[in-house]
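Below: a set of structures, written as structure tokens.
Common to both upcoming complexes is subunit A, partnered first by subunit B, then by subunit C.
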Partner chain A sequence: MRGMPRSGWFWLVVGGLYFFVPLAATAEFSLKEGDAYSFGPYKEIFNDPQFRDTFFLSLKLAVATIIVSLLLFIPTVYWVHLRLPRLRTAVQFLSALPFVVPPIVLIVGLLYVYNYQWVPSSYLGSPYYLVPGYVVLSFPFMFFALDNAFRAIDVHTLTEASQSLGAGWSRTLWRVILPNISAGAIAGAFLTFALVMGEFTMASLALFNTFPTYINYIGQTKANPAAALTIISFGITWLALLGILMVGRRPGRGAVQVGGAR
Partner chain B sequence: MPYLELQHLHKEFGDFTAIQEIDVALEPGEFLSLLGPSGCGKTTALRIVAGFERPTSGRIVVEGKDLTHVAPNHRDMGMVFQAYSLFPNMNAQDNVEFGLRVRRRPPGERKRKVAELIELVGLSAAAKRYPHQLSGGMQQRVALARALAIEPRVLLLDEPLSALDALVRVQLREEIRRLQTQLAITTLYVTHDQEEALSISDRVAVLNQGSIEQIGVPAEIYNEPNTPFVAEFIGTMNRLEATVTDGGEVDFHGTRLRVDNARRHQSGERVLVLVRPETLAVEQSGNGGGLGGEVVAHIFLGATTRVKIDAAGQELSADIPSTRAASLPVGARVSATFPAESARVLALEEKPASPATAPADR
Partner chain C sequence: MPAGALLIGAFRTQEGEFTTRFFKNIFKGTSLDAYVKSVEISLITAALGGLLGFLMAYAALSAGAPRFIRPVLTTFSGVAANFGGVPLAFAFISTLGTVGLATRALDKLGLNPYDHGFTLFGFWGLVVTYLYFQIPLMILVIAPAIDGLKTEWRESASNLGATSTQYWRYVGLPVLLPSILGSMVLLFGGSFAAYATAYALTSGHIGLVPLKIGELISGNVLSDPHQAYALAFGMVIVISVAMVIYYVLDRRASRWRRTAQ
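After this line comes the complex of A and B, so read on.
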């Protein structure tokens, strides 16, 4: 921070206030019961069975989404880097589409797809119904995290070295490629986690009670517990971001440092 | 019987012909270098042998078995890459062990083999270090040990020294040669560095634009280049465009020069006379004969100094002992001579079909 001009400090403080004041106000409000301070609103939230149901449902959806998108995107990005480098720009463009197409369009499209005969009706009733939509939403986060990780290693040489030593595709992917892009994969997973834990539009339109719809419901019915819930939800997002930072800083395995001539 | 054969290899990438034709056979335990400028097809040829590319036509044969369509992971060929090939998530000994694990060797045997190879490349003290903790030279040693651990049928080296410092490069190339001789492993080595190729190989194949220009033992390649391209590419060569007169003489801008090899050419034929800088003797003018000219520059090379001479518009290079260089200062009028038997003579009008006369893309 040395050498930062005075105006820099000024804007830092302004930005910090902009960020912290509403947060502090919410936190203060969440600790109020009538005129006295207490943890009452938090207790109320944690004791609400709906909180647990919706929270664990969103957790399950997040894990399912992470698994599906890792299985889908790791081999895809690997293959694009290895064999189809010209398609990288196209995939990059595609991955930005979920930012452009609103989730409401996505869920309508999804409903349309689910109209086909081959979709079993038991699946339509289950909340995992949302997972394909979430996978689409997670695409940009997963893609950019993985793309960066793959760009940091020499995919071609590592793959060919592994092959020349006798390894097949699955061993190469599992033992050579995966350990070296794990930081990117974990970062993508945390971002996806934060995304699913906060996604409201699709869940609400598809009439499932996930954690974000619960936040919305509480927000419309109970003032102080809503503030408490906001702080809890904020904490979850922060933990996910902290996880990414920790993974990024971890030395040794996962950290990509290769030197040829030094 | 040859051990490794590259039979009539031809490779096209779309419109681009990477390899016109390469046809070469290696004896068991032979060290062959593919030498040429970038884009000459040498790396493509190596990658075809390794199985990373399929030839458009032609075959790869090892011990009489056709491997052209065998996947790279079933070829048993050890490969050392230019750089960055060590698995960053594994330490040196795990890298070396990788191929043995793939082959499901028992743990005891793996451990023994890994220790033996790490020792062989002189890295016992660094066995537990990760690639990013190793210098470039050490990384390449590990890569070499890893390639040798699987007891490959053929060792393939793709410019393994090009990313290293000059000193390490010389040291490591001697070591590669020592190991290769010791293990008697048939080796194909790709490089653009002629000094490296000449110093390390049993035979050198000089490649230009996807074809072999000349193949032979290093001394042959250096002393008897068959084409102007080889002459240019290997070492430094003075090129004199001259006309054969008769009786073993050529005419170079009115100066008669005795050249034994000119006897094989007809009188009046335009030829290229090739003279190595180290065979060119330079004297202060007035001592008669030879090519007259003026010293235009000195390039100090250590034991020798390369003296650049402008002889009737033709630039000549002569390597003389540095101790003598002071007696031939820049601007001095000099005459340069060479032993009649030392110069190489090539016909200047090559057949137009040959790509040999095209300038190298350096």
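After this line comes the complex of A and C, so read on.
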């Protein structure tokens, strides 16, 4: 078998540099106070009450989004696999396109829909306003992760076995199906988490102060703490992806997929 | 009904509202400029990102590559592809901004990019920044197609006396081309939709469609929500066209996937 050609190494080195240089530069920048190196910028961030507020708000939104999208998509994907296998291509087509819905279009649409009278005003003032939009954004990630998990199990046999033993639908879903697809569900949850923790477009246009809008705000006022925040945010993305790797190779090739909202 | 159709219906409601006046405005003046610029930047980053991503993925996944490279590459690509938005802009300001690390290094070599007309906060700066997520995205989407390229094909080609160039010309490229182009269409969509990075990098001063929509909706001096709906609808049209192209290419690509499985 041939070794890897030299041109191959060349491209990988170029790619590696492209990946690491901006990170190194940001890290260096984030450790500077004037001309001296220090952890000052990080301390400044962690001591800022606004950091805590926005961070936890984004965290809460991420959890809410994960719960809603799991509740919505697990039964949907289950049903599609069990009863409507032909629709799978259609659903897959819809979801293979994380970019069909640019976040900017989504928020414009949502703002428009929310103009109707029937939306209670208490809901409009709450940041949870963003959750339906985030659920749409998370759909492709969730779908790929869940779809892979469902493909790996024999949905029909499991369902029939469970029902012949007297379990109802909800019991089958909860006690039989869910444990079998949990790796996929967790992978989808991690991707959704990374997505919501970084989502700027919708939050800023709907005028809510989430973690990413806070990063932007700091970026306009203080350069070094902004670099520190960038590193923190990068760390979150790493954690989420490491989380996916930890839950196993189950999710397969579709799992670590394509970035979303920018 | 699949949840997808229902959810996508949620952002379609805007369609009912516009009069043709707003829609016609799309084709005039700054709006048209914004579309042209958005499409340009998306085409360039999709082509460059697609090409570089393919070369890297092929280098790492081809038969001769050491085994450890594959998981490393896909993990790093996963991180980089998901790392976007505002932090990405700041990372590049630290790197290629006026006092960025790379700028200073190049300056010492006498090659300060800012002396040669480059600025991170303009068109090409945005291209360089977008490539940070476009290249890894390409690596992730193209990897299955490269895996589908059978080593037997290459071996039979060389057994029949084909040179490497001939192999690529008559076997490799025809098989891979639909996948490569299809992936590039996805990349196109990705940078067409991007808002946060461009916003943070240029403070909203570069005239891309998403930024223009943001301006119109966020209630500044220029506020005109209905024009924003029309612009957003225009984006949906562009993306839909791209998706039709993607669908056609994907069908062609899947011919080979079926035999490969």
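Keep this in mind: the second predicted complex is superposed on the first by the 237 of 262 C-alpha atoms of A that agree within 3 Å, B and C clash if a C-alpha of one lies under 4 Å from a C-alpha of the other, contacts with A are read in each partner's own complex, and residues count from 1 in each chain.
What we mean here is this: a contact is a pair of C-beta atoms (placed from the backbone, for glycine too) under 8 Å apart; a residue touches a chain by one contact, two chains touch by 3 or more.
Here the structure is a predicted model, which is why all the values come from computation and not from measurement.
S.K.: In the three-chain superposition, say which chain, subunit B or subunit C, touches more residues of subunit A.
M.R.: More residues of subunit A are touched by C.
S.K.: Between subunit B (first) and subunit C (second), which does A:71 come into contact with in this model arrangement: first, second, both, or neither?
M.R.: The answer is neither, since A:71 touches no partner chain.
S.K.: Which partner chains sit in contact with A:179 here, subunit B, subunit C, both or neither? Use first/second/both/neither.
M.R.: first
S.K.: If you stack the two complexes on chain A, which partner ends up touching A:239: first (subunit B), second (subunit C), both, or neither?
M.R.: neither
S.K.: Which partner does A:154 reach: the first (subunit B), the second (subunit C), both, or neither?
M.R.: first
S.K.: Mind working out whether A:26 is in touch with subunit B, subunit C, both or neither, as first, second, both or neither?
M.R.: The second partner, subunit C, only.
S.K.: Looking at the overlay, does A:200 come into contact with subunit B only (first), subunit C only (second), both, or neither?
M.R.: A:200 contacts subunit C only, not subunit B.
S.K.: Share the list of subunit A residues that count as touching for subunit B in one structure and for subunit C in the other.
M.R.: Residues common to the subunit A contacts of subunit C and of subunit B are 253, 256-262, listed in rising order.
S.K.: Per the contact definition, I'd like the list of subunit A residues that touch subunit C in the complex.
M.R.: 1-5, 7-9, 11-12, 14-15, 18-19, 21-26, 28-30, 72-73, 76, 80, 87, 90-91, 93-97, 99-113, 132, 135-136, 139, 143, 191, 194-195, 198-201, 204-205, 207, 212, 215-216, 219-220, 226-227, 229-230, 233-234, 237-238, 240-241, 244-245, 253, 256-262
S.K.: Okay, in this complex, where on subunit B does subunit A touch?
M.R.: Subunit B residues touching subunit A: 50-52, 71-79, 81-89, 98-99, 102-103, 130-132, 134-136, 139, 143, 146-147, 150, 156, 163-165.
S.K.: In their complex, what parts of subunit A are in touch with subunit B?
M.R.: It comes out as residues 153-154, 157-158, 160-168, 171, 175-176, 179-180, 252-254, 256-262.
S.K.: Looking at the complex, which residues from subunit C come into contact with subunit A?
M.R.: Residue list for subunit C touching subunit A: 2-5, 7-8, 10-14, 17, 52, 55-56, 58-60, 62-66, 69, 73-92, 94-95, 100-102, 131-133, 135-137, 140-141, 143-144, 186, 189-190, 192-197, 199-200, 203, 210, 213-214, 217-218, 225, 228-229, 232, 235-236, 239-240, 243, 246-247, 250.
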